[in-house]
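Per-chain numbering from 1; labels A, B, C and D assigned in written order.
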Amino acid sequence: MIIFLKPNLDPKEEKNLRRFLVDRKIEVIPVDRKQEKLLVVVGRFGELAKREVESHPAVSRLLATDRPYKLASKSLKVSSQIPLKNGPLIGGREIVIMAGPCSVESKSQIQKMAKFVRQSGSHVLRGGAFKPRTAPYDFQGLGKIGLHFLRLAADSQKLPMITEIIDVRDIELVEKYTDIFQVGTRNMQNYPLLRELGKTRKPVLLKRGMWATYKELLLAAEYILIGGNEQVMLCERGIRTHVQETRFTLDLNAVAYLKHETHLPVIVDPSHGTGRANLVRAMSRAAIAAGADGLLLEVHFDPRVSISDADQAISVEELNKIVKEVKKVAQAIGRS
Amino acid sequence: MIIFLKPNLDPKEEKNLRRFLVDRKIEVIPVDRKQEKLLVVVGRFGELAKREVESHPAVSRLLATDRPYKLASKSLKVSSQIPLKNGPLIGGREIVIMAGPCSVESKSQIQKMAKFVRQSGSHVLRGGAFKPRTAPYDFQGLGKIGLHFLRLAADSQKLPMITEIIDVRDIELVEKYTDIFQVGTRNMQNYPLLRELGKTRKPVLLKRGMWATYKELLLAAEYILIGGNEQVMLCERGIRTHVQETRFTLDLNAVAYLKHETHLPVIVDPSHGTGRANLVRAMSRAAIAAGADGLLLEVHFDPRVSISDADQAISVEELNKIVKEVKKVAQAIGRS
Amino acid sequence: MIIFLKPNLDPKEEKNLRRFLVDRKIEVIPVDRKQEKLLVVVGRFGELAKREVESHPAVSRLLATDRPYKLASKSLKVSSQIPLKNGPLIGGREIVIMAGPCSVESKSQIQKMAKFVRQSGSHVLRGGAFKPRTAPYDFQGLGKIGLHFLRLAADSQKLPMITEIIDVRDIELVEKYTDIFQVGTRNMQNYPLLRELGKTRKPVLLKRGMWATYKELLLAAEYILIGGNEQVMLCERGIRTHVQETRFTLDLNAVAYLKHETHLPVIVDPSHGTGRANLVRAMSRAAIAAGADGLLLEVHFDPRVSISDADQAISVEELNKIVKEVKKVAQAIGRS
Amino acid sequence: MIIFLKPNLDPKEEKNLRRFLVDRKIEVIPVDRKQEKLLVVVGRFGELAKREVESHPAVSRLLATDRPYKLASKSLKVSSQIPLKNGPLIGGREIVIMAGPCSVESKSQIQKMAKFVRQSGSHVLRGGAFKPRTAPYDFQGLGKIGLHFLRLAADSQKLPMITEIIDVRDIELVEKYTDIFQVGTRNMQNYPLLRELGKTRKPVLLKRGMWATYKELLLAAEYILIGGNEQVMLCERGIRTHVQETRFTLDLNAVAYLKHETHLPVIVDPSHGTGRANLVRAMSRAAIAAGADGLLLEVHFDPRVSISDADQAISVEELNKIVKEVKKVAQAIGRS
């Protein structure tokens, strides 16, 4: 159950309602959203309590929801759109394409890439400055200077940017640079990180854990949403299965399911979801046809010399083809 | 390595070649195909042997292939088309839709369904007469009479039909009725069954084992192909994963991968691949966008009363919508 | 519900009961077991029917069971023992060890191996004559002559033997030679094969499908049991998971679970379940500690030259160590 | 390659060596361990460089290792033991049992439990004060006061304690209370957390990610080890698979494999690894038989009223039985 407070409520009245709830042993979590304030009820809520609360002067309305993810659930809202400065509306009619290298490697590399990303018709520049690498001996990203290069490159092409956050202590730093926070698959259940991102007011792209069920992904989003940050998008990026020919199994069932269950936009990462550059184009088309709101693509000038993830990065030429084909598929299903 | 024999070869010359190979300890498996005869070399084949065999008077050409599935591999052929009487060309430009109930339940049920299948613009009538059920106490299908009902229904609408074969001893019986043999996921590695189907000259739709890698699927097809039956199509129908919200995880990476690796047509079964009727439409579109040559759909008049697999069967109305949407996606990628 | 018939029933009385059930639309499957005859009720069975049937003169007792696998369920029986001529009681206090090569390769190889198997203190000789190989170009086993060599070798050491059956049409042939039928992982849901094995009166070792749940394994056993063959043992042999360092993931949870759910003996195959010879000893000990009734081990003289499955075959010396260590673990848990 | 520095090295000499390496473009990560200082070489290391470095006056010896986890690898050390005040040696001859509730719920609950844990013959008290819960609306643990209750309870019984750390910012706080840090499955690849734990000098129990390969687990341990903290133990706690009857699949292959690959002690958590209280005893025995150095068990007075994870918590009586049976198995394999 969600309790919506009346707009412009006198703090005294709110306090009064909270005391009223405490008296009835109704536990709530307050959520301050941009346009409204609400209280999410934890646990059961009897019929009697419901009627009493409904008629409380501080309450505008109640919303019943049978899902464990109350704020992510479609019963709260049909669909969410996330606006981006200099960019498209994520979750709108138009498909959003985020593209760029796995890692920022140098100022000139990312500058050059930003230009190609813009020319291809893509909308957002991606690039990693902090990299969560399986081995401590692998390249861990350029860090702060990488963020700086990425920002410069994005600005030079009037593109918004997205980059990964891996340490809860870096949020303030990363927030200064990025337009979208990316939470990687390994951090989907890093709850302190999610809670802190809920306190920021910048969009968050939350990647599905490679082991997670759909419910777990939605509940992870809920950790951000209860902080009052409404700008969350989900990202399917492949799950661990027994298949050996691809690095991960891109689970597009997840896209179709999530579009039924949540109002949050759904992005697909076919680069990690296949791990093979020659499958990315077909799976980009498939993702859009399944209902995804956008794509996250790993691009490199010369995939043979990429510092990391070489097998899955596509060339700039391939990116151009993907943007074109994906738009045709989008149009075929009534989008653009 | 594959050795192609010259056309219209004198049996003596062939015998001579075989002796020549035995002398050099080169083991081969002869494959009699419709238009040609070939010998698949088992094991290694030295450079010297290669030159000798190449110039043998019975040999038209040699084909090197580095894949373990020699006849299924794309190096043999770019793409295969399977013609159907009264039906479309499978693997051609046009997308093929096979639709019908999980099980044939009665003459009138399947007659009525055949009419709807035809009206929807679908191309093939599917229906199970022999059902491989997890429990021996579940409905096992109508058997022979079910085949009969299915044939009558298909003929009444001038549709080709497809039905499952589960017992190697039933091949002769099923062959009398069906236009396409369907091999179910549980039988993907039932090698005696595959070998016998290789001796027939009817098309076979081979479903991927829910545990299988792509290589294993292609090698299972190889068991049919070495019998000389060239009319094999592969079918992705979902794999077993940890995901709990869907019955299986439809692996469209498989479609993209297989279209790179093999000339065989690839069909997708989004009904089993999701196990949820409300995801079938989105995943049908995605399958076609990924490059599939067709769909296998489970339809029911009233999904609430289906004897088996009720959760995943779509309604006739939904089938109509799927056919329309799928055609649009097909056109967007240059098919129809 | 299971209806037990009175012993030495007059056929007329049985017929009378069957008519009585038909009249009440109670569908049953008759099962002729060695010591008793019973009728398994398919579907629901109301309280009224229950009382009526209970008092029918042909009925000795009714047994309610809430599991879908009625004959495999522990409610039927606490535990089953399978006696073997010249061998141990499978499912008894003593742990049973079945050992031998993956494939029978020659008469002398299997003779020599049989001797080592006997000397190690193992109880049953295993060896494959018909091999279900992933590729049609791989060695498919010696066939009938392999069965013959295996029988000779087993007899020379007074050991019982076990060998795999892969084609339903070979049952009569294999039955002439073997003491135990082995059904491989790929055939766990080959229902025609299971049904025919249910009609034989020889023990069957049913390997779990590498994709199967515990319920599916028990229901596969049920297909054999309804034929009246009570001598079924289950075998955990590893499942397909994302783990890359082992060939399969040996699921010993299955052993612990099955010992709670079924009276059937449970055997473990740590050779396939790990795919690595250096893990077999530790996992043999673990299997017995988890409650397994026996082990199935792949042994070779020189693992480097095995024709198939070389990576997982243990040496004869390792077999000796395993038998010794496993006996100590068995004693620690009150077995031998 | 690992470069071991001479003991009691003059800082100048070390600096000289580092400059020497920089000149040769040999990148190293310095690791300050209790007894020794070493430099892990990142990347390739030519034969010439090897000879030069070997004879450098600051170098005591070089150690080649072909594994990506250089400090966790068995080539560094045969086995590690971790001593605990008031407790056993982890990784020694004796099996170590850590037991307690999922969450600390109250002072009296944990006090009472500590007494039972001691009486059962277990060695370490476990309990969660910070809980990583799938939903933000679930009980998140008592936090700091929970740590306090746990410490009091442990001290009252002269037991060491273990508790989970989920936020990198809490390390200082938790370190004040705990004897062992537990890193949960969701945080196995939370690299900032692992790096900070590497700077502490308290033992860390690192749980395997439910999606992780063995290599990934060992590389996660490496993140702690490069900080100079040598007291790391690994914990197998079940992986996500398709199996539906258990919550996770306990992968004991991992234990057997890890004991071959690493000197780090290996602990098993059969409570999470099965998710079913009635399987915990059998799997505890199996874990020890597979070679595990200890167990982590979830216990509750009355499993029916546990606030979280009720299904898998065992009773105090069951704990007593497990300790007894597990010791017998340990003795059977030469441990105690």
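The rule is simple: a contact is a pair of C-beta atoms (placed from the backbone, for glycine too) under 8 Å apart; a residue touches a chain by one contact, two chains touch by 3 or more.
Since the model is a prediction, treat every value here as computed from it, not as a measurement.
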| item | value |
| --- | --- |
| Chains touching both chain B and chain D | A, C |
| Chain of greatest Cα-centre distance to chain D | B |
| Chain A and chain C, separation of their C-alpha mean positions in angstrom | 49 |
| Averaged-CA centre spacing for the pair chain D and chain A, given as whole angstrom | 32 |
| Distance between the centres, which are taken as Cα means, of chain B and chain A, whole angstrom | 39 |
| Residues of chain D whose C-beta touches two or more other chains | 211, 215, 240-242 |
| Chain C partner contacts - residues on chain B that touch it in the complex | 29, 40, 42-43, 68-70, 132-137, 166-169, 186-187, 189-192, 209-211, 215-216, 219, 222-223, 226, 240 |
| Residue ranges of chain D in contact with chain C within the complex | 211, 213-215, 239, 241-246, 249-257, 259-260, 273-274, 276, 278-279, 282-283, 285-291, 325, 328-329, 331-333 |
| Touching residues on chain B, where the partner in the complex is chain D | 240-242 |
